[in-house]
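The next part holds the structures, each set out as structure tokens.
Here come two complexes built around chain A, the first alongside chain B, the second alongside chain C.
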Partner chain A sequence: MVEDEGIRRYVAHAILWIGIAIVAFPVYIAIVASTQDNALIANGQMSLLPGGHFFEVYYQTIFVGTSGSTREPVGNMMLNSLVMALLIAVGKIAISIISAYAIVYFRFPFRMPIFWIIFITLMLPVEVRIYPTYKIVADLHMLDSYAGLALPLIASATATLLFRQFFMTVPDELLEASRIDGAGPLRFFWDTLLPLSRTNMAALFVILFILGWNQYLWPLLITTRDDMQTIQVGIRKMITTTDALTEWPIVMATAVLAMLPPVFVVVVMQKLFVRGLVETEK
Partner chain B sequence: MQKQAIFQSKLLPYALVAPQLAIVLIFFYWPALQAVIQSFLLQDAFGLSTTFVWFENYIELFKDPAYFASILRTFFFSFAIAVSSLSFALLLAVMADKPLRGSMLYRTLLIWPYAVAPPVVGVLWIFMLHPSLGVLARYLRAMGVDWNPLLDGDQAAALIILAAAWKQISYNFLFFLAGLQAIPKSVFEAAAIDGARPMRRFWTVTFPLLSPTIFFLLVVNIVYAFFDTFGIIDTMTRGGPGTSTVTLVYKVYSDGLLGGNLGSSAAQSVILMIMVIVLTGIQFRFVERKVTY
Partner chain C sequence: MANVTLRNVRKTYPGGFEAIKGVNVDVADGQFCVLVGPSGCGKSTLLRMVAGLETVTGGEIDIGGRIVNQIEPADRDIAMVFQNYALYPHMSVFNNMAYGLRNRGMKEAEVKTRVDEAARVLELTAMLERKPRQLSGGQRQRVAMGRAIVRQPKVFLFDEPLSNLDAKLRIAMRVEIRKLQRRLSTTSIYVTHDQLEAMTLADILVVMNGGRVEQVGNPLAIYEKPATTFVASFIGAPPMNLMSIRSDEIKSQLSGSASEAGILGIRPEDFVITDQTPAGGVALPLTVEAIERVGAETFVYGSRAQDEQRIAATPGELPPGEVIVRIPGTESPAIGAKIRVAVVRNKLHLFSGDGRTRIEA
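Up next is the complex of A and B:
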């Protein structure tokens, strides 16, 4: 541009690094705390440098859990979170892509009303239907089960809209060509449409996996057994006991473990993540 | 808009929409309907009989100063979270939009907090600002601040706002950066040739051109503050001290948890539903405008 940008550029670098420091500081503190002795932390004497208890704390966290509040190994909580996140992500994609396929590639009575019925669920997040949904899940005997954790969250207006949008851009010639080859609707879906949707599915999967892993309110309500709780619910229970008894290094190690999978996904699959985020918000 | 090339089949399309339709009807519409019905009923203390009472539950709710306070609080939280997070994210995005070395690295280092779950955000911040052991609380006390968010309601509210705004920075940053990159560089050059200094260029060129993004993010941030702060509040303050951090969603949860008044809890759900409908409506009207923009 017209002005000499030299100084401005240094200022920009400085502001960005300050921003990064602010964003990273809480996580740095969590990592440091997860390597220290609980007695020091409880006295308010925590050091700002890593301590020497890394292996011991993480071993206890993953395989044993806290000795007080929840005796559930965090490794098991992570497994529950993983199963739930995968069920939610895969489930949402699967049922949304087939309903979008039906809505775009077929003409049938009630086609548009069905589309609207799915669309309006955007306005019914779990927070506004907490207790009635809880009652239904209880009546169906799905409390403390993976089905109960995932099923009520699996419908997705956003994913359905996204696939519908994408299918509309697929050239009609493809369908005509596969029809000439003698392919029926299921063949066309499986051999042509699904491979074309791969990038969309991957981008959506990244977002939905993070969303699923980070679920909190719903698992909090419907899991009562310790061995069914997810890591997000587990960490809350760890700080339930009176302050003095909270085992902070284990709590912080759990926080780090809870962040690890979704943060890893964002950093490693950044392109897909950004694409998924921007597309689901359209 | 409709496809010209389609398949003919009587049953297949129904089979394809059936799974989603079943889930939507059983777990979304049925419970929502139950909430609406329940909100017009009054149950006696023993749960033995229910009577239809029209809008009594709603009237009781609006007469309750605690409910009114939680509405105001929710709006205040939303406003504070949105403004602080948006302004900080905009500053960072404007800096990252410059042709800097390592701009991809900056982006990576700024977007990952999106993936941190709200309850974990709560745990991270309460640990740093815990009155007796937090590392930041130490400095606050050294500066003479009587810091105790476990007892002081205003400080607890500030803590929630801070933590919630922190989490939302990355999301806002990402969308601001995308918005900035969509503005043609020639516009800035034209303004620069006209003699507009950088600050002036920002307020007269960048900011107006970014207004669709700002408006979109404002709505998203309000929705976030309404619903996603639940996990932050529940791990940090449990709505306390007293009721000083009870938002509308937290109130639905905690009132229902105590097993108290079912009708009132349902009425609260219905009011929230109406708010979501309004917010989503605003969002979609805006999206349409963005297309024609």
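Up next is the complex of A and C:
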């Protein structure tokens, strides 16, 4: 039995290692490629060990960009992506927590129809309503602006639903105790509901930040100026070059840089995440 | 300090369900009033109406000479202790107690004095910085009490505050609440379904059933002279034995107006095992079916000789024809034995046939 257990453990570990290798190898290749000389890669003689061009490649990527005509420093692209992703994540959380508060705690005419309308928008992602949305953004002169990048993606049925479900688990007595303690609706929201939603907000922030960061179609459509380009759009543009060699080290460096913020957010927020799961605050 | 008066208070829900069907109660300044009744009798609804958490659809609620029907809970000068305590989970014990004071714009120094004083009284001083989840059930309960007393309100409202505690702690807290209320002499209204809690706490007991008040009064007076069969079976444990007087066996033993009554009630503790029949009293032959010995006393479950219909006022009680007798713990008749129990005249409770009226013999 003991031996059997040992074998099983080795098999399990082997499977896990294979899984990790499948996921990690491309990332490793990207990191390695970003430190090599472009000519080597173009020749197909890329080494599997890191090259010696780390600092110059990353310096060029972040502050200068490719040597093509549409050169744009990746640092600027990252800033654009970061602003867009933060606006989307924070905006979505802010709007949906407020609308969920209205729907759960207030009795007003057409409350349920409004809730169902919000619910139905789940079936209408940006891709489906892209033409009218583009028209509206264009008419409001929001092309090539952060507002145009973020606003159409902010309304969120998913987050509203999530907060609604959470609010419905908050005991009514807490609201009643607040009322007796002299807290009005705004105070109750600010002093009690928001602190209780902290872990939910952290979880949502992780998901929504990555969602915003990974946007491709929408930024591609509404940004024409190079200095408003996001990193996801930028990478694509770097790869397709018509009359020159693709600068693979820079492309790979950009890909590595594009990975960093989501990884950072997950690593930082994970603690809050786990704490939220362990603590039962209610 | 205030008296609380309910005048013909009604509550009808939008669906047409009438939860409170006209309640009149007068709680004098500093009194401890307990609302007791089975679940669904409207006692919690009534309390929540006093708190202002439920709207009043009829009648008047008067706190300290002011009609509060249209006044917000925060402005009624009441404090409430909830069944699940409803502590703010993200605030420390100190902040939980201070929250209501700060919302009223009280100076921080005064807030601190009041909270510290309440914490001292409730022995929470060492826990002021903890969060509610780090406290035991009994400590949370005390924090909930603390949150009420720091406000120094005119009226305390308690909504089954002890029902989430274990039996031992419940008794200890019951005594604590009574002592605290005595010392502060703040008018209090307390809701419970536990008749023992009701009996021990109340200055004035309100027995409710189906949205109506069955009887109001001093707890012992209610125990001694229940106005209806509902009150008779609800107050006292084990419940009063209620039997129909139709059968000749009982009717022949009663005289005068007593024989006109419909239902006879006898408390288990009023029976004596004896072969004699006291003058004007009632004697019943029983077959012992089961015995519960709890130490100080013994409960005998006996069945009547003939298949007599026992009137069950609340469902889920003893089967018809069964009688409970409480005797000293030293006695223990054998199961299956035939015994004869008797009750003296002035321990008989007589009710009309529908159980709604008490008849004085």
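Rule of thumb we're sticking to: the second predicted complex is superposed on the first by the 259 of 282 C-alpha atoms of A that agree within 3 Å, B and C clash if a C-alpha of one lies under 4 Å from a C-alpha of the other, contacts with A are read in each partner's own complex, and residues count from 1 in each chain.
Heads up, the rule we're going with is that a residue touches a chain if its C-beta (ideal position, glycine included) is under 8 Å from a C-beta of that chain, and two chains touch if they have at least 3 such contacts.
Quick caveat, the model's predicted, so the values are computed rather than measured.
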Three-chain arrangement built on chain A, chain B and chain C clash or fit: fit
First (chain B), second (chain C), both or neither touched by A:176: both
Superposition-derived comparison: chain B or chain C, residues of chain A touched: B
Which of chain B and chain C A:43 touches, first, second, both or neither: first
First (chain B), second (chain C), both or neither touched by A:191: second
Partner chain(s) touched by A:139 [first = chain B, second = chain C, both, neither]: neither
Minimum C-alpha spacing, chains overlaid - chain B and chain C, in Å: 7
Doubly contacted residues of chain A, that is, touched by chain B and again by chain C: 176, 281-282
Complex interface listing, chain A residues touching chain B: 1-3, 5, 8-9, 11-13, 15-16, 19-20, 22-27, 29-30, 33, 41-44, 46, 48, 94-96, 98-99, 101-108, 111, 114, 117-118, 121-125, 127-133, 135-137, 151-152, 154-156, 160, 167-168, 172, 175-176, 184-186, 188, 210, 213-214, 216-217, 220, 232-233, 235-236, 239, 243, 248, 251-252, 255, 258-259, 262-263, 265-267, 270, 273-274, 277-278, 281-282
Chain B residues within the chain A interface of the complex: 1, 3-10, 12-14, 16-17, 19-21, 23-32, 34-35, 38, 88, 91-92, 95-96, 98, 100, 106-121, 123-128, 130, 132-135, 138, 166, 169-171, 174-175, 178, 188-189, 192-193, 197-198, 216, 220, 227, 230-231, 234-235, 249, 252-253, 256, 262, 265-266, 269-270, 272-273, 276-277, 280, 287
Residues of chain C defined as touching chain A within the complex: 51-53, 72-74, 78-80, 82-84, 86-90, 99-100, 103-104, 133, 147
Complex contacts: residues of chain A adjacent to chain C: 171, 173-174, 176-177, 179-183, 187, 191-192, 195-196, 198, 279-282
